[in-house]
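In what follows, chain A forms one complex with chain B and a second complex with chain C.
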Partner chain A sequence: MTTPTSAGSRHRTTDVLVVGAGLAGLSAARQASAAGARTRVIAKGWGAQYWLSGGIGVLGYHPLGQAQPVASPADALAALAADQPRHPYALAGVSAVAEAVSDIQHACADNGLALEGSIDRNWLLSSPLGGRRPICLAPSTMTGGDLTRRDPMLIVGLTGYPDFPAGLVAANLEAQDMAATAAEVDLVSFRQRRFLNATVLASLFDLPEIREEAARAIRPRLGSAGRVGMPAVLGMESSEEAVSHLSDLLGVEVFEIATAPPSVPGIRLHRALVRGLVGSGVRVSSGMQVVGSESNGSTIEAVYSEAAARRVRHAAGSFVIATGGILGGGLITDEDGSVTEVVADIPVKSPATRSDWFRREVLDSAGHPIYRAGIEVDSGWRPLDSGKVVWENVTVAGGLLAEAETIREHSMDGVAVATGFLAGRAAAASLVPG
Partner chain B sequence: MRRVATEVLVIGGGATGAGVVRDAAMRGFEAILVERRDLSHGTTGRYHGLLHSGGRYVVKDPEAARECIEENRVLRRIMPHCIEDTGGYFVVTPWDDLDYVPKFVDGCITAGIPVEEVPIGQMLREEPLLNPKISVCLRVPDASADSFLATEATAASAREHGSTILTYHEVTEVVRDGDRVVGARCHDLVSGEDLEIAADLVVNASGAWAGKIAGTVGLDVQVLAGKGTMVAINHRVVNTVVNRCKMPADGDIIVPIHTVAVVGTTDDRVTDPDHFAIEPWEIRLIIEEGARLVPELPAMRILRAWAGVRPLYQETSVADTRDVTRAYTLLDHSTRDGVDGMITITGGKWTSYRQMAEVTVDRVCAKLGTERACRTHVEVLPDPERHDGPRRYHRLGARLARIEADEAFGELICECELVTRSDVQRSIIESEARTLDDVRRDTRVGMGPCQGGFCAYRVAALLHELRSIPIEDANVALRDFLQERWKGELSILWGQQLRQERLDELIYLSLFDTEHLPGPRSSNLGPSMYEEFAPETTS
Partner chain C sequence: MTAPLSAQAPNPVHLPVETTLDRCIKCGICVTVCPVAAVTDRFPGPKYEGPQAARLRQPWRAGAPRADLDNGLWVRTDDHDGHLVPDHSVDYCSGCRACNMACPTGVRIAEINARARAAMVEGAEFGWRKRLRNNLLARPELLGSAGYPVGRLVNAAFENRFARALADGLLDIDRRAPLPRYQGERFAAWHRRHKPEPPTRGRVAYFTGCATAWYEARIGRAAIGVLERLGFKVVVPEQNCCGLPLLSNGEFPAARKYHRGNVEKLIGLAERGIPIVGTSTSCTLTLKEEAPELLDAFAPDENAVAAATYDICEFIAGLVDQGDLALDLLPIPLRLGYHPPCQYRAHRIGLPALDLMEMVPDLQVELSPATCCGIAGTYGYKSEKYDIAMAVGAPLFKFVKDVGGPVAICDSETCRWQITHGTDVPAVHPIEVIAAAMGLAVEDPLAGALRAAGVAEA
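== the complex of A and B ==
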């Protein structure tokens, strides 16, 4: 909800306030900060990276419903932009998407995380169930699992960890004509734990002695495997070291395969980006859910976050709203068919009535219309209401934007990175001294 | 076609059919039960879970009320592990007529139902979310029951007594030889084979489908399908069954069951028990009426909506299904239609299923010319978890207590419902679960707030591992289950539950690539969807 401001302009210490700390918000903050704006990020939580695979998916399927994934995101982006001129990628333009993807690759590299690949080619990697998952940039710990290679894989599961069913993964890979066998290893050190999830395991694999124990258990099972795929829990802070250590111990290449959430590679990616921002003087705060804003004419003066004790006012010259769509919590849907934007009550483009929200099959390849609901923006990423700019000093990025079906397109990371990149730049450029 | 012979063939794997086959087996008959899907797949698995005290019927149908309280006592004795002793309230809200109260109390006394007044202050201490404007609260021995578990236990007992339970065997036709029914032909949905079962007597216990089954041999049995829609709220908003103290009507009951509360129901006559819709007005009405009992209800998160079809037998056509008797109906087609060899048991309600089975098997005995006493009211049902010691009522904290005692934290497959790997294993191996939905009915996997988001793939992996099925079958089982969960969410998806559903899409589509995994997109064991809801302007 937005209320008119009571006082005039107050002293401010933030030029660009980014609301949301997913890939869109962090990308926006990086650009705003690089442009010299005093930048701050506030967020309720950490965005979708904790669920996703830790790479950058740009475009995996286009048109939707194709059996074969996109080979080259760059080529498919051009087709998508032509097919859907209101899609965020079309608004961004293919060259800006490429620039943004390359920039995030550098940002990660600068902060100790190697993402491999380029916008010209998708990797095909195993999904946590053995599906073929297209992804543009992949962590270097995962690329050994390239499914276009023919050397046989041993897929290793860990007893007590239910989120990586190695037998199922290998069977699915085999059924898609890839040579894979499965083994499950039962490590004594894990038996002492009451509970094994991805983050617990990742901390354990930070320890060299755990890796040695794992290698001892895996070695007799190697058979003719030329490489070994393990769940992506091989170290939280030292994954590249852990993977190379395991490869040395086993004498074959070891690679990680994405797991069901929580996603350790996603956490690594998020942490690398936050580390970079903090290093360049950007404050990044979580636990701050923005619940409303304060306006003056056609500008937003401040937003309010809800905390346990009181509301906190955050004034800034410019705002990037990157709170995510329905998934991120930036859009609230209701029984009456309404869809509401939470920060600044920006009008949302959505299907007219709730009976139009869904299709009959959950896996419908075109997706459910409600998930394309979102905010329409102008070329400067400012929110529109019937073609007119709603707030002059607000830009919008990521899952909040209308028209994309980021889950079925496998474009969630790429849309966030590209639109965050551009909205952050636009926010910094639009600043008037204050 | 494969052929087998038996003394008694029971058609229908709901509570009644399972009750009949158990009773028949305990009386020494050779018996086979066939069910077209899984046990409890029909109405039994789609009701609100109330073990009636009889209170709901004391004014309208005193005979049904007496029947309920008698069976209430029996079921508490023979299947305590399937029952949570919540107790029940009948409350007078500002929308209800106080004149009903003395009629209700007199009715309870006449029917033999213990009833006591609960002071409003005490009621609000016990159930703080109830409407403080409630003026009268009366306590009766209602309870909540796990109908899935009860049917499984009943079937397990039947197996122990030597009978055969064939799930996923759909009756394609009852076989008639002249003026005599001699068996039935079935299609095995799993193997794709046909099976003919010759029987001395066929018991048609197919509930709302009884008319369809009887129709295959030209018998005219009119069973109305009274659709009842209900929703599950993601919390136990009450720990006591709460009824409105008035003539039974739409949306007047909340039943706490396991981790959720079920609010219901509607009552809408449909022409076909296999084809009906959940309509938006039903959901709105349930929420509005439920809010009269729990004012905060409209702001709460609904996990799911579903509908079951009450079997309501009638000899003549009646418009409002709620005025058709809830007492059961036993038809002997030899006296009614001149066709021997088949009897039909239909109507009734879950609470009286055992009694329905008893009178049915009494008739079986008479028809087969023997006299054998019923023992189902005294012999306790097996507990699949095989707890030692005296039987106790189920209580909400039991699963957590068991996990803590076993230190089985790492064994959790479904965190929402605290289902462990060994629970799923038992379902797959001992209960012969074929689909993820079968496992759900046995264990409650996928019934919590994430609606299978974090457990369905784990169960699919266990199905693949433990059954050694082709990978394509595991993949399609997973896809079928996602569609099955979707079926129950479509009519209630907004707010936080829509957000949850989108997270499930992220996991299954973006992360797992489930839609592209090898195998068919769906199977014949998958769900049959509710119809599209009709445009409201024409309803």
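== the complex of A and C ==
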């Protein structure tokens, strides 16, 4: 008979609670956990990665309004930091951004997902409509679509799958002086499905026989194409194997092009990062929308998530808020012009009245002021109200931060990764020892 | 008197679930996580069936919420021109709620689908055979009580190929689906002769659930053993079926009777601050949220019963969190796979059963990455859905076989039966594992697994 041991509540104790499971939250959790903090991630649902391309865009355009995309994010980051000292990248510093980008690359590689590139150079890849899309780290399955190369492309669409208009992609690439033609292939195996969405296709492309069927249909259409671009649905679990298998079958390089959401490469990225966290003992839970918090003086003691019948209390030593901006749901905008932060009611820097949210023209080259709304932070990523720290044990990361205009800058992933990286470290470092 | 966690604020005002459809931004994340759409064309996916089709259904559905622009409110309407739903594919929603859990904007997709199915039932869109079949499957209490006295006969019939073929042919109850077995003494009989130790804490009420009442009494015995060992005085109140099977078959008026029955039987306990604790995650979720939300049952007594209801592991882990108790746990040197059912995840309380099991020394619990076992209550019993349910469950079956322990762990009864059906691995409730770690005598299949692992009986 063994003596019972009193287990206490070690598995119910959280040092760092991360709210949000996008790139910012997952990066923060990785750092906090690596620093030895017992870390937990809770999120309302799955977010931006399911909408984005599955790579890491660090900085695509600077200054804004320039037609020419950034060639080297590292160089442009230095310029951005000088031009906009309150920008999250300026607060982070160029070397920390580089470190964070390299870290996420390693995190993905450790979990079976190859992201190629470095902070010194942007890839130029096709957007889902055939536009030029600068991106710093790209899935290895996409980099064959490098638009700085001149070899002609065959863009292949799949009959029955509406989220990738191959003809439009090729026509847009042609209009930008790139050699591209389009073909659509109609696979018998796909005809058996009435609904072809991205994830169903991705699971089908995990199967070698489907790739063989696709290659048989594509081969007669190859013409003089030196490479083949297909929608980014080439496998969910084994995309790298699927792309290389298709390349072998066709005798030319095959690459993926990002599709309209939902994004299969984004799902792969999300799953790789979650897998890494779960493997290091971090629990990641969705369906937990944080709706309020409990404070004591200038510290947050717990946050509450909505649940069946009653809210759930989550106590922790420190909190990383990475709930996203207006798109992600971390900020709520109201028709009266108010902009509210949802977790701890942190003051938001935003235009004074609703009529100041937007400029007159939809596509005004100066952008719209509401897109720069967000939370201001100190050098330790703690939220500020008129220059004073609001909560001592809270750090903020990602889309919630003020001053970045991530959609136009093509910086959404990079801002999330870099600020998550630093906010997660800061959260772990701020814990009271013992 | 113990009233743990009761200081927590209740959720804010409830609006009808259909009002959440306006939050849908059409991103399609729900479609990527839906286990049913992944394996069948009969269900196009949550986005299309939920927020999109709901927009078409709303103006015509009797009782559906509708915007009353004059008053700026959502109101109920009684006008009804007989035009109900765009198509029947919504009946292929299994109600697993994976969509709700992934939705970044908080659309109550599964609930929208459940109410659409109810509108079809109300509008006589289902034939009488399907209604009869669904009503049979959805009344475990009736079946349990009618079958128990002749349990051996029923067991034999359930295992008889001719009887199953007949049920399949006549009623579309799939001949292969995992029907339960009557085994041993039923829970109520055991409980009547059960002699507890004198309590050292307050009272809790145990909500038995139909599966424990009629088929798996061992789980009730384990639950009561654990609660009593922790010092509680456990009462087993009069109760009836929670009504969830009826809710998921769109039989709302009958479900409402069951839910009201429970509320009236349990409100006295709730008013006295006595927690109502259950081992069936589906029953507890129904009392907490499913019945109130689907039936718009937010009367004060209904809210009070909901707020007093806990999953048993949620309840115990909450006490541990509060420092109210420390668990003294014996080692269990086993590696076991744990599948938290979708109905458990839908409580949105995290994974307290896993938290507790992780406190057991030497016990290695592997967490299932699978979304759903496929059975979804009564779904996988239906001939037209059996193959879908098995395809949905395939990743879970693979996980359970790969882990390869002598038993699998799962909180929900039909999921346990489905796991065993898909893998031949017996399945137990987490509370049985906790009971064993507390040194309480447990029953087969766990007892056998522990003996084989060299764990001495207490």
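Quick note on the criterion: the second predicted complex is superposed on the first by the 419 of 434 C-alpha atoms of A that agree within 3 Å, B and C clash if a C-alpha of one lies under 4 Å from a C-alpha of the other, contacts with A are read in each partner's own complex, and residues count from 1 in each chain.
Quick note on the criterion: contacts are C-beta pairs under 8 Å (C-beta built on N, C-alpha and C of every residue); 3 or more make two chains touch, one makes a residue touch a chain.
Remember, predicted model here, so these are calculated numbers, not experimental data.
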- Message: If we overlay the two complexes on their shared chain A, which of chain B and chain C does A:Arg425 touch? Say first, second, both or neither.
- Response: neither
- State whether A:Arg382 touches chain B only (first), chain C only (second), both chains, or neither. neither
- Message: Contact-wise, after the overlay, does A:Trp51 reach chain B, chain C, both or neither (first, second, both, neither)?
- Response: both
- Is A:Pro261 touching the first partner chain B, the second partner chain C, both, or neither of them? both
- Message: According to the stated criteria, A:Arg193 is in contact with first (chain B), second (chain C), both, or neither; which is it?
- Response: both
- Item | Contacts of A:Gly329 with chain B and chain C, given as first, second, both or neither | both
- Task: Check whether A:His245 is in contact with chain B, with chain C, with both or with neither, and answer first, second, both or neither.
- Result: neither
- What part of chain A is shared between its chain B contacts and its chain C contacts? 51, 193-195, 261, 329
- What part of chain A is in contact with chain C in the complex they form? 1-2, 4-12, 42, 44-47, 50-51, 193-195, 197-200, 203, 261-262, 267, 278, 283, 285-289, 292, 304-313, 315, 328-329
- Message: Which residues of chain C touch chain A once you look at their complex with the stated criterion?
- Response: 5, 8-11, 27-29, 31-33, 37-38, 41, 44-45, 100-106, 285, 287-289, 306-307, 309, 317, 320-321, 323, 326-331, 345-351, 355, 358-361, 367, 439, 456
- Note on the structure: Listed in rising order, chain B residues that touch chain A in their complex are 280, 284, 407, 409-410, 412-413, 421, 454, 457-458, 460-461, 464-465, 471-472, 474-475, 479, 482-483, 485-486, 490, 493-495, 498-499, 502-503, 505-519, 521, 529, 532-533, 535
- Which of the residues in chain A come into contact with chain B in the complex? 48, 51-53, 57, 67, 127-133, 160, 162-163, 165, 167-168, 171-172, 174-176, 193-196, 258, 260-261, 326-327, 329, 332-335, 354-355, 357-358, 360-363, 365, 370-371, 406-408, 410, 412
